[in-house]
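Shared between the two complexes below is chain A, which has chain B as its partner in the first and chain C in the second.
What follows is the complex of A and B.
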């Protein structure tokens, strides 16, 4: 088979593997994170090639974008705490002890065995065998939407999706608890260009995020991708200091965190009865119910991801806030 | 050589690199990065499993599973990073 894309596939695959190796082998942690972000974006590109645009969007926005921001924030915090802000070499406080060679070899051997097993399982599996696509296609008329991935996420397997939102909620609770009383690294000073950039891009991001949500019922997109894009608004606002979290906003934030989970669970329970099971939306209302759930879940995801980035709960101890734009 | 074989092998390789990294990496941030690599490798294999030779449509169920996995992974990463920040601060205070 002479596919014109074969060369592209091979180059992209080698680039992804090389970036994975480079991510773990460069000395400087900042470079490591940047390489990881490039790795994630190229992986998303590979998933577009495998006709999985929804997954690629989610990986680019959440797996790479938000995760990259979280990693950079953590690195900034670590460098601030050790007083090495602005230095290139950020190593951990305790000097790393060299791992004995036998341990490395044993690890490598075990990893090799696991990988071998995985490779055997993968290559022995029937290629392109029938999966669930026929089942999903048959059930599409009942789902209320026309995009199969959205139908699976929000109708056929909505229990998974509810649990996923719960995991996100649990994460933000855990982060607020862990960071309690932790000193905060000052936000990096951002120049004039940054403010202009934020001002220009914010409206565009809001439009893109809302479009992704709205389009999700018929085309790639949906609550998670849209939530991540809207979380970028929160990140920009936090970084440019246009929004400074205050203790008084805690109540509102908590409501925003549970909004998606609460409404999702309530709808799932309320549709039960009259011969229907929990999560079994009546076909005539399925579209509006899915849109309602998606809209509110998007708000929760966006606020939660932005809160995960901010980390610390805005407690009353927070003393004077330095506003940058004054 | 079809895309599913190429990217399937890529996924396995990325998973292996992440696994070795998670076991051998010295500092914590790098270990989290290594686990992230593992998750992307697993995502590759699921997405490859869902792929069908065009013009056939891919299987949407693994796609939904990977999207769920990505969101769960960002939650886990956020908690891990918060723990790292906390530990790092405690260690830095001990040093003073």
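What follows is the complex of A and C.
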């Protein structure tokens, strides 16, 4: 018992596992989502204990916050489709579709196999752990930033990061193009009290999100985490009906979606030449270029995530008009 | 500012996608322009590869393993070329096939993002980068699947997305295992690594993920519905090109990290044989034309895996060529066939195989295209499919794997049988009396699929130059 945190770690690990089991086994979808959110928060804590604060921030902001909101929105829609929307909260249990036992057992066997393999690989892996650490440390002075994770994401392997932003762009295009003949639930709304809550929290969220972005060059943080936090602003605006998407806003929204990807890719190409490769930022400008890219990518991520939460492309339909009656 | 064609091959379609999304009114022309520009870029890259054997660009000036390099050799340029040319012709086909304004606007950004992802895969030398690229492909492909907007398509698209994401996650987990063992993610690291149990486990995870994405029996469950319910150009892209990206990664990985065991190789072959037989039976039973064509994709994927089923490094150094030829042949012929099937459906108004001969409209040119594509898929000479099948069987015979030869023969006979069902519908045994509008079903839109089908046949005559081209830069030797 040398490490005072050992007991805490053990508790945390068992709690994470117990929450995972509970999330999978609980019958009500709403309870399942809530458990999943708690599971995500504790996982974020586990990442902190594993000395991976960047992953912890991402897990908390994206894996838990945005994903939880998307899941709840979907549940709202499902309740609307099945006619359970207006029911009393206590009664409106949305049962999960039962999964056949053979499927469960096959899944369990496969997951067990993978876990076993992971454990074996962990114990077989060299203890010192080869990795990028030495290489990253050597290359840090030329990266333009002082936080190694940011250096890897936005300089050494910025091609991967660009493509991850493209993934998000593909997601929002795919969501927008789905034919909107489907029935749609009235947008969920916050009540009276929540307006005050929104007013109080919005500035704080903006500050936290911007801080995460700004700090990213020297400490954990960065575009993805910051974008997810700022997306919460969009979510609150949508929920409090301070902003109602309209067909006329589509053009602007499209620009906002592609802003990060476009500028990132354009900078990558424009720095090439004079003996430099694509993505090779000149050392004296590396910091400002990385900050510019991160800032614009953050805006795109925030807008995209908020749009994904809203779901449909705002098109002129009769339904649109009825939305203001609540 | 001078930028190599190798980088542009990824960036041109990316910028095209952005432009087509931001300016939806001009999406068609922007998209078509971007595909044309991509073709030009690939042509430039092919010239460089012809001159130098291989082209390598370290992005950001950071050499692997810290950074990521793009690398082009004969095989990757062949894949790029197939995607670009098939893509261009499918794009021309899409001009006519997509009538709905919404479909016209959204087809182009999704298809160009798809092209970005596929080109990225063919130029990648890093397994984490490959993961990101297959995610780009997956989302764009799901978008294209549901483009038709029918309820069946949305359901099939959702199933496709689940399968695709599960496959990508398995692949990612394998990537994590590799990083844990080797501390690097580039291909050179994989080649240099000592084979070990943990690395084999990593390879197994990645391979299962890829098999799910490429729809090898019995992981093919998502494919028929997804490919049959999409719009014709989307089906052509999904069936002709998208499944090839995962196949290509499989081809590369299994040569850099050889499958450790004869039993595993036999298992791959057995799954391939299962796909050939099961897909054949399902194609014989299919009631709709597009479903039949989709099941034929399942059998063709199985056939390509039969080509892999030759153990050891020696087996692979020979059999990858047969696999590559079959991949190219299927890409060209299947996209032609799906476009033709879409044309037939457009003209006749339905695609029920049993009622094809009862229509008074006769889309002769589309039917001719379908038959030409079928010739290549069945593997009749002189088509490219014939050359691929021939080298598959030649290799299997040389290695003494007579059972795989038998499976290939049975699969060929089955494909003759199920395509004959369609041909019988094209012929008219006087079941339809009265005025025949023989020339009604022709349109300018038939040109794109017809060109593809003619290419599928005539490329077989160019098999020798194609073979020597894909060996350029010797894909499976030592990386620099």
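Assume the second predicted complex is superposed on the first by the 284 of 326 C-alpha atoms of A that agree within 3 Å, B and C clash if a C-alpha of one lies under 4 Å from a C-alpha of the other, contacts with A are read in each partner's own complex, and residues count from 1 in each chain.
Definition applied: contacts are C-beta pairs under 8 Å (C-beta built on N, C-alpha and C of every residue); 3 or more make two chains touch, one makes a residue touch a chain.
In this text the structure is predicted, and so the values were computed from the model without any measurement.
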{"item": "Fit or clash - chain C, chain B, common chain A", "value": "fit"}
{"item": "Partner chain in contact with A:171 - chain B first, chain C second, else both or neither", "value": "both"}
{"item": "Chain B versus chain C as contact partner of A:240, first or second or both or neither", "value": "neither"}
{"item": "Chain B versus chain C as contact partner of A:136, first or second or both or neither", "value": "both"}
{"item": "Partner chain in contact with A:118 - chain B first, chain C second, else both or neither", "value": "both"}
{"item": "Partner chain in contact with A:67 - chain B first, chain C second, else both or neither", "value": "first"}
{"item": "Chain B versus chain C, judged by how many residues of chain A each one touches", "value": "B"}
{"item": "Touched partner set for A:160, first chain B, second chain C, both or neither", "value": "both"}
{"item": "First (chain B), second (chain C), both or neither touched by A:269", "value": "second"}
{"item": "Which of chain B and chain C A:226 touches, first, second, both or neither", "value": "neither"}
{"item": "Contacts of A:58 with chain B and chain C, given as first, second, both or neither", "value": "first"}
{"item": "Closest approach of chain C to chain B (Cα atoms, Å)", "value": "5"}
{"item": "Shared contact residues on chain A - chain B and chain C", "value": "114, 118, 122, 125, 131-132, 136, 157, 160, 164, 167, 170-171, 174, 178-179, 182"}
{"item": "Touch list for chain B against partner chain A, complex", "value": "1-10, 12-21, 23-30, 32-34, 36-37, 39-40, 43-45, 47-54, 56-68, 70-79, 81-86, 88-89, 91-92, 95"}
{"item": "Chain B-touching residues of chain A, taken from the complex the two chains share", "value": "1, 3, 5-6, 9-10, 13, 16-17, 20-21, 23-24, 29, 32-33, 36, 39-40, 43, 46-47, 49-52, 54-55, 58-59, 62-63, 66-67, 70-71, 73-75, 77-78, 81-82, 91-94, 96, 99, 104, 107-108, 110-112, 114-115, 118-119, 122-123, 125, 127-128, 131-133, 136-137, 148-149, 151-153, 157, 160-161, 164, 167-168, 170-172, 174-175, 178-179, 182-183, 224, 301, 305, 308, 311"}
{"item": "Chain A-touching residues of chain C, taken from the complex the two chains share", "value": "1-4, 7, 11, 14-15, 17-18, 21-22, 24, 57-62, 65-68, 102, 105-106, 109-110, 113, 116-117, 120, 128-129, 132-133, 135-136, 139-140, 142-143, 146-147, 149-150, 154, 173, 177, 179-184, 196-198, 201-202, 205"}
{"item": "Chain A - residues contacting chain C, complex", "value": "114, 117-118, 120-122, 124-125, 129-132, 135-136, 139, 155-160, 163-164, 166-167, 169-171, 173-174, 176-179, 181-182, 251, 254-255, 257-258, 261-262, 265, 268-270, 272-273, 276-281"}
